[in-house]
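Letters are used for the chains, namely A, B, C and D, taken in the order the chains are written, and counting of residues starts over at 1 for each.
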Amino acid sequence: MTSLGIGLIGTGFMGKCHALAYGSVKAVFGDVPATRLEVLCDVPAEKAEAFADQFGFARATSDWKDLIADPKVDIVCITTPNKVHKEMALAALEAGKHVHLEKPMALSLEDARQMLSVAERTGAKTIVGYNYLHNPAISHARKLIADGAIGRIVHFRGMVDEDYQADPDLAWTWRATKADAGLGTLGDLGCHLISLATALVGPVESLVAETRTVHETRPMGNGSSERRPVENEDIASALLTFENGVHGVVSTSRSAWGRKSYIGFEVHGTEGMITFDQERMNELRLYQNRGELAEQGFKTLLSGPAHPPYGQFVPAAGHQLGFNDLKVIEVHEFLKAISEGRNAVPSFREALHFEAVIHAIAEAGETGSRVRVARAD
Amino acid sequence: MTSLGIGLIGTGFMGKCHALAYGSVKAVFGDVPATRLEVLCDVPAEKAEAFADQFGFARATSDWKDLIADPKVDIVCITTPNKVHKEMALAALEAGKHVHLEKPMALSLEDARQMLSVAERTGAKTIVGYNYLHNPAISHARKLIADGAIGRIVHFRGMVDEDYQADPDLAWTWRATKADAGLGTLGDLGCHLISLATALVGPVESLVAETRTVHETRPMGNGSSERRPVENEDIASALLTFENGVHGVVSTSRSAWGRKSYIGFEVHGTEGMITFDQERMNELRLYQNRGELAEQGFKTLLSGPAHPPYGQFVPAAGHQLGFNDLKVIEVHEFLKAISEGRNAVPSFREALHFEAVIHAIAEAGETGSRVRVARAD
Amino acid sequence: MTSLGIGLIGTGFMGKCHALAYGSVKAVFGDVPATRLEVLCDVPAEKAEAFADQFGFARATSDWKDLIADPKVDIVCITTPNKVHKEMALAALEAGKHVHLEKPMALSLEDARQMLSVAERTGAKTIVGYNYLHNPAISHARKLIADGAIGRIVHFRGMVDEDYQADPDLAWTWRATKADAGLGTLGDLGCHLISLATALVGPVESLVAETRTVHETRPMGNGSSERRPVENEDIASALLTFENGVHGVVSTSRSAWGRKSYIGFEVHGTEGMITFDQERMNELRLYQNRGELAEQGFKTLLSGPAHPPYGQFVPAAGHQLGFNDLKVIEVHEFLKAISEGRNAVPSFREALHFEAVIHAIAEAGETGSRVRVARAD
Amino acid sequence: MTSLGIGLIGTGFMGKCHALAYGSVKAVFGDVPATRLEVLCDVPAEKAEAFADQFGFARATSDWKDLIADPKVDIVCITTPNKVHKEMALAALEAGKHVHLEKPMALSLEDARQMLSVAERTGAKTIVGYNYLHNPAISHARKLIADGAIGRIVHFRGMVDEDYQADPDLAWTWRATKADAGLGTLGDLGCHLISLATALVGPVESLVAETRTVHETRPMGNGSSERRPVENEDIASALLTFENGVHGVVSTSRSAWGRKSYIGFEVHGTEGMITFDQERMNELRLYQNRGELAEQGFKTLLSGPAHPPYGQFVPAAGHQLGFNDLKVIEVHEFLKAISEGRNAVPSFREALHFEAVIHAIAEAGETGSRVRVARAD
């Protein structure tokens, strides 16, 4: 297998996560092409240089177009703020590069749809950073459902919360603007939940919703008495109708004190139930209406080698995967797809649906009416 | 204090629970009038006799009107199927008896409103069996909220589930009919959640909702191939707007495998969060945005004498109250109200709001439109 | 069935618990003789009078010998401080009364052995208040073990903790003296754990142990600067060898901050494991080496009607029993034994073994040597 | 900082873990010398070649002496079976290499003591793979204790279990022999618990213990009817006296069904308690006797940037570290120690104490007598 050159734009939370994943994926899995960490881009140049040295990239640049133009780069990883995703992704695709894009794809659904269109025209491979999908516990939940372990699905509930915007005194930032951040908690957190809901139950057909901005203004900080409005939602909730007729409830808050990385869901079936919480990401809970009533109960399945690809990381159960390991699995999926000439999952196509749902929630929250989720085509 | 004579109609789940509670309330609390278990009513007469002996009632009858007419009876406890609540309650009230009624008050909101009207005209005291309200952990949650322990409330989420209608092969019963049972999971379970939501956050102003009948028909059983339709909902979910503007999400299912008495909620505030789950009814979880970040976390408060009236049952923390103890607290509230000449909580008036909300959810589920919750007056 | 007259000595924690249990046992179970609450004894007389009124006893006395002498009394309940257990129990037995005694039986093993001897001579029925044994979850654990659900038992671990002596500044009381309290945490808490260990694994043959007094002196309180020594142990741990060869570890502390009623154990078998914690007394956790590895995990069994006699209290699973309900089951066992003319469990005979074990632990802690547990005969 | 060349012996569980950690440590932390993955050794040569390619090592060898002799190698990582640790470590040390050795150090305490002696003579840096010590949650527990958050320590309890030897039908392997494996569960698991106990409470002075071989023989497998004896312990438990007088209880089993990576402990203090369980390695539970009694409870601290060095991996709390991340922190400690010219922790010196304790437990289990833990010097 020919090795693949990596160009990474961004050195923050997700930038580092990508650097670590592309740096270790072959050691973990073995069955993928070797990766070369070729170019790292950030501004200013000094920052790019420092992180290139730390992360092990061959060179640094402060010009993302320079990175994209580099013939040694086969895959462009985009981990920049949301509002520049579109421009970078389109440029990379047009340059014939495969694109690993952090979520959400873009500020608007129209932009995301255009990105999909370009991707499918160029034939480049794409993947979007819906990393929680790659948790072996989630894969096992999907397998259990597919195998009929809980019968026919009849209901879904999900919540995704953090508390990074819970403090009323927190200073105003660009995250509060529609122009720079787009959606609020829906874009940051909600779309992750939708990615899981879709993977577990199927696509969403329509919904009603409510959205709330809990902290309507925020101080500008630095001793100023000025306050600026928060333009996007802190909390959003929706009643979903999936295409298969199943009814679901979802809710998200970026102002939920105590919740650090909470993504909880329940899948109700005619023969059992599955529940999960990302803050205990190595545990899946399963109830099955089987055997003696006196011995029925929720069973905690602790992730292990019986839940692939856990065993690629640790050959012993219960030892725990971490958040960064999910990105390694995502990168593995991408490299396998590229080397096999197939589409990765979730590509721009699947991601477009996730994002169509959150935009539908935002619209339903504003209009108070039922909204049909836009189709990819 | 003059002792109070008790007449109990019904000997099932709630009937036994009432008998135990009225039989032990003075021993537990000390500060209430003595109770005399005077008349027990059920059909047939033999059943009433047998349970009167077991429960310690002075006499038995198979005629509830006889019970109500008995001058030794001061309090009439109604624990019969929902559809006869109204007739019995009205008769008892008109006979000048205090009424302890199991929830829901009636099949329709109109009936419930009429019952309130009669109760307030007669001046008799009433209480409705929203027993989870009386959990010391819930009372402590209310105290914490009132004391500002989690700041201003900004969001509420709640779920209430059981699995008694989860089995697709379960035989059809009267519970499936609107005529005999009225609402489905909303009437059995949902109203309990609303009682808690209201107690914690305040009255509900309006809502949108979805309701689903998961098992559309059920077999008649006994080898028959006939199936009859299920007329009421197995699952219901709603997006609530409380009168104080807070947004909430609630969901209920009577077909949720593995859930035995699950009533879970989260109250999100600007300075913290409180969560609870009835299946661990002696635990309240509290997060507060206080002190060092490294030492912030959800704290599990195990019920104890610091959470009245827990100490009336057991003087040592962590020893656990049980479900039947909640009814004792409810009865204590009723006896105190009667002896002090004040209204009990929740009387027909408060209960009417809880039930107005579930009827609004049912209506919103059918119409697909936002529904304003009917006011008591 | 002839009704049985109850005489209760003591009105504290356990006194109230007995009053409630004897007052409700027939209503709960139905299949036992009716009970008459005849005489309540405490000092001073006013206290006895007040509690007799509250608890519903026919008369009060401040003289326990008067209570024992009353021909209307068939069962004498002894819930007084440990050091008077022996004198009262012997008097009651000699008067031909059945004896319901709170644990521990006596301050010394010699006294306990003498009490057993008298009981067996008189033929009166006895039961000792090892109430945790009567939890339906524990009964189910025993059934699972007997049915081979976890194979052959190979190991046991148990802990029992509270924090009522955790505060270093707590004032000195009689509990700190060997003369009045006898053992420390072993007598208060440790014996409960041993009752469970024995029920689950079998009798104990020998052990080594360590005991510690964490707070060697305590202030006399009331502003005095005097401190007095704590003569008995705050913490005790032991390595047990059961008669069947199984090895076990037990540990107890009355100075364990945060532990309110913690009784946790693990039973390790060749085919599975059972774990339990009294602070979640309605849950039993079961792991079985069965089925697909990917679906193996600890299952939480929530107590319900499938775990008798839970259903006598509540006909719906998951609704939770409480601490006081355990005493009702204990009383039921006692009344059934009396009416059937068989021995109750645990009678003085079984209790003697539990107490022989804690005295052996205390001795081993003092001597540093392996101690064989004294046999009942 | 000069880069450091890594030579790794072994490609199994720990081998891969080392490869990943040395490959990513600089990307994660930034503040350490770059590492060069120089030589990978395993047998046969083809296996070494294949893993060298997968892990990214510059060359492969099947001769560990060749690896040690390579001047490009600065650090020798030894992840081979226990019985060859000594020979390899001594050779590496004599060759002037720093040594990163997996635990336990050696089969016998004598061998381990000799290894320490050589290490201290050569002046090479050493570290032993007691990786659980490096969990940020553990570091925070140590900080809390040092800061007096739970007062004076009065008691310790710990358990470490897995179930890899729980199946009675599992085939016999070299792990069952004293000659090849040395100790049983004590060497595999118990020493990890001791490393934590020592870090939290201090060194151990003496102990009494019991050890058990649950499965006394095992089948040879492959259809043979032969069974061979298991020479080392499946279960071991001990009552510890720490040098500071604190009393502790520890227990370990490699035959504990359902336990996958269970390392649980409780540290009891005069003002609070800390508990932990490795199967939920991102959670620390803290109880403090502070504030209102009604609001006291165990608090779950979810690891985050407030618990260094968590933030080097993920800048957001609650996202979860995994098992492999602990090795990265261990490697960081080693590289920092080497670059700063100080000893790493735990070096051979600290590890010797952990291993002295497990050998003392084994001896006490055999002799039935109290054993003083051997001192390093």
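Simple rule for what comes next: a residue touches a chain if its C-beta (ideal position, glycine included) is under 8 Å from a C-beta of that chain, and two chains touch if they have at least 3 such contacts.
Not measured: the values here are computed from a predicted model.
**Student:** Could you tell me the least number of steps, going only between chains that touch, from chain A to chain D?
**Tutor:** When the steps are counted carefully, the minimum from chain A to chain D is 1.
**Student:** Hey, which chain ends up farthest from chain B, C-alpha centres compared?
**Tutor:** Checked the centroid distances; the maximum from chain B is D.
**Student:** Decide which interface, A-C or B-C, involves more C-beta pairs in contact, and give its chain pair.
**Tutor:** Looking at B-C and A-C side by side, B-C shows more C-beta contacts.
**Student:** Distance between chain A and chain C based on Cα centroids, please, to the nearest Å.
**Tutor:** Using C-alpha averages as centres, the distance is 53 Å.
**Student:** Which whole number of Å gives the spacing of the CA centres of chain A and chain B?
**Tutor:** 41
**Student:** Using the average of all C-alpha atoms in each chain as its centre, how far is it in Å between chain B and chain C?
**Tutor:** Comparing mean C-alpha positions, chain C is 34 Å from chain B.
**Student:** Identify all positions of chain D at which a residue touches two or more other chains, and write them in rising order.
**Tutor:** Answer for chain D, listing residues that touch two or more other chains: 259, 296-298, 302, 304.
**Student:** Quick one: in the complex, what on chain B touches chain A?
**Tutor:** For chain B paired with chain A, touching residues are 150-151, 154-155, 157, 159, 166-168, 208-210, 212, 214, 234-235, 237-239, 241, 247, 249, 251, 253, 255-259, 266, 268-273, 287-289, 296-298, 368, 370.
**Student:** Using the touch definition from the top, list the residues of chain B that touch chain D in their complex.
**Tutor:** Residues 140, 144, 149, 286, 292-302, 304, 306-307 of chain B touch chain D in their complex.
**Student:** Would you tell me which residues of chain C are touching chain B in their complex?
**Tutor:** Going by the criterion above, the answer is residues 12-13, 16-17, 19-20, 23-24, 26-28, 30, 34, 54-56, 162, 164, 259-262, 278-282, 302, 304, 313-325.
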